[in-house]
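We call the chains A, B, C and D, going by the order they appear; numbering starts again at 1 in every chain.
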Amino acid sequence: MDVMYFAWVRERIGLPRERVETQAATVNELVAELMAREERYAAAFADTSALRVALDQVLSDFDAPLAGVREVAFFPPMTGG
Amino acid sequence: MDVMYFAWVRERIGLPRERVETQAATVNELVAELMAREERYAAAFADTSALRVALDQVLSDFDAPLAGVREVAFFPPMTGG
Amino acid sequence: MQVRVQEGVFDAGVELNAFSARAEGAGAVVSFTGIVRDVAGGLQHMMIEHYPGMTEKAISAIVAEARERWSLADALVIHRFGQLAPGAPIMMVAAASAHRADAFAAADFLMDYLKSRAPFWKKEVTAEGADWVAAKDDDEAALTRWD
Amino acid sequence: MQVRVQEGVFDAGVELNAFSARAEGAGAVVSFTGIVRDVAGGLQHMMIEHYPGMTEKAISAIVAEARERWSLADALVIHRFGQLAPGAPIMMVAAASAHRADAFAAADFLMDYLKSRAPFWKKEVTAEGADWVAAKDDDEAALTRWD
């Protein structure tokens, strides 16, 4: 699946998007996999309460299932308007 | 004092303003004097709950005193905006 | 603060831009524009009567009250009188603030008070005749929101 | 209904007039304009990042929700991204209705939801460096007004 990062999450991880092959069943499982990879991922996801997640471009939750999802995006709370 | 009429009050009485010499102590007394004059005044002031009054260009009440007042205006509820 | 009572037409877009440019440092600008609409069908024009002298005073008092209640960088009220065609702008209110909540509340408040406390009266002219627009109970009731 | 996500500048006055002209028969038009302000002093520019694809979807869903809640003749949302100078317009919302209460409520609602539910992120760039703007608890709390 495609994993995207925005704002300071993108800066901390160092890239805007990447292709991830995973068997993770939920967003939380995907986060755990990413955090295990490298320190920059561990730093970015240290506090998921400060993060938001979108599945296929719709806001979702960290305990949501990933079955059928093609695009996962992580970002801080929005500050538009 | 100057007495002014607006909107349908003006139309019913048939003039926009007039000079009135009166000893009326309150707006209500002035209204009673005007109503006694002619049918068109009686018709215009038949229901003062449907009217508003301004004393020297400030919204007031029908039981307000007239001492020192130079300009009295009668009109229906406002419908601006 | 700017209060204008005028017979001539105004351009809401031009006024909004001029107002925003003047309200330097304000991040939030809310505007309201009232437009003559033909509710029942057959409206030829609207006539707006007002009370020269009192009108400006009443509006200025309403604006001063808004500026006491909310933190505003600036406020604008334009209200027309005379003969207005369907689709023409009747009036406009704008409020600028550092914070959007203040700008929204102030513009909303200005509208409620202008409706019921500024001396304007509307008459609708159709082929069948002319009728004074009756004040709505709703408009008077709206003022209690701000008590 | 019109939703535009763009890098280029827009003219709020021109947009307001075009919107009002399109919203035929609507007597009440409320607009909100957000402008880059230099809160702390020393702001060089603001960078706005967004999530192309999701942005348009999220805004359209918010506008659809507003149109279900209130009787609207039309609604408009414009939001910019990229590099914005102090004083530049960031975004704009407009709502047109037969009734002023609906136009005010809808514009206010659109702003609250755009702030916290549309995927935009602001970064302030000064001579000292660049900082992401933190979301305000107030903005999240504002959403509960509409529950």
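Throughout what follows, a residue touches a chain if its C-beta (ideal position, glycine included) is under 8 Å from a C-beta of that chain, and two chains touch if they have at least 3 such contacts.
Fair warning: this is a prediction, and the values are worked out from it, not measured in the lab.
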Item to complete: From chain A, count the fewest steps through touching chains until chain C is reached.
Response: 2
Worksheet item: Roughly how many whole angstrom separate the Cα centroids of chain C and chain D?
Response: 23
Response to the item:
Cα centroid separation, chain A vs chain B, in Å, comes to 72
Worksheet item: So, what's the distance in Å between the C-alpha centres of chain D and chain B?
Response: 48
Worksheet item: Where in chain D do residues touch two or more other chains at once?
Response: 34, 100, 111
Fill in: Residues of chain B engaged with two or more neighbouring chains
81
Item to complete: Could you list each pair of chains that touch one another?
Response: A-D, B-C, C-D
Discussion item. List the residues on chain C that touch chain B in their complex, please.
Written reply: 34, 48-51, 53-54, 57-58, 79, 90-91, 111, 114-123, 132-135, 139-140
Worksheet item: If you look only at chain D, which of its residues touch chain C in the complex?
Response: 11-17, 20, 24-39, 87, 89, 98, 100-101, 103-104, 107-108, 111, 142
Fill in: In the complex, chain B residues that touch chain C
4, 6-8, 10, 54, 57-59, 73, 75-81
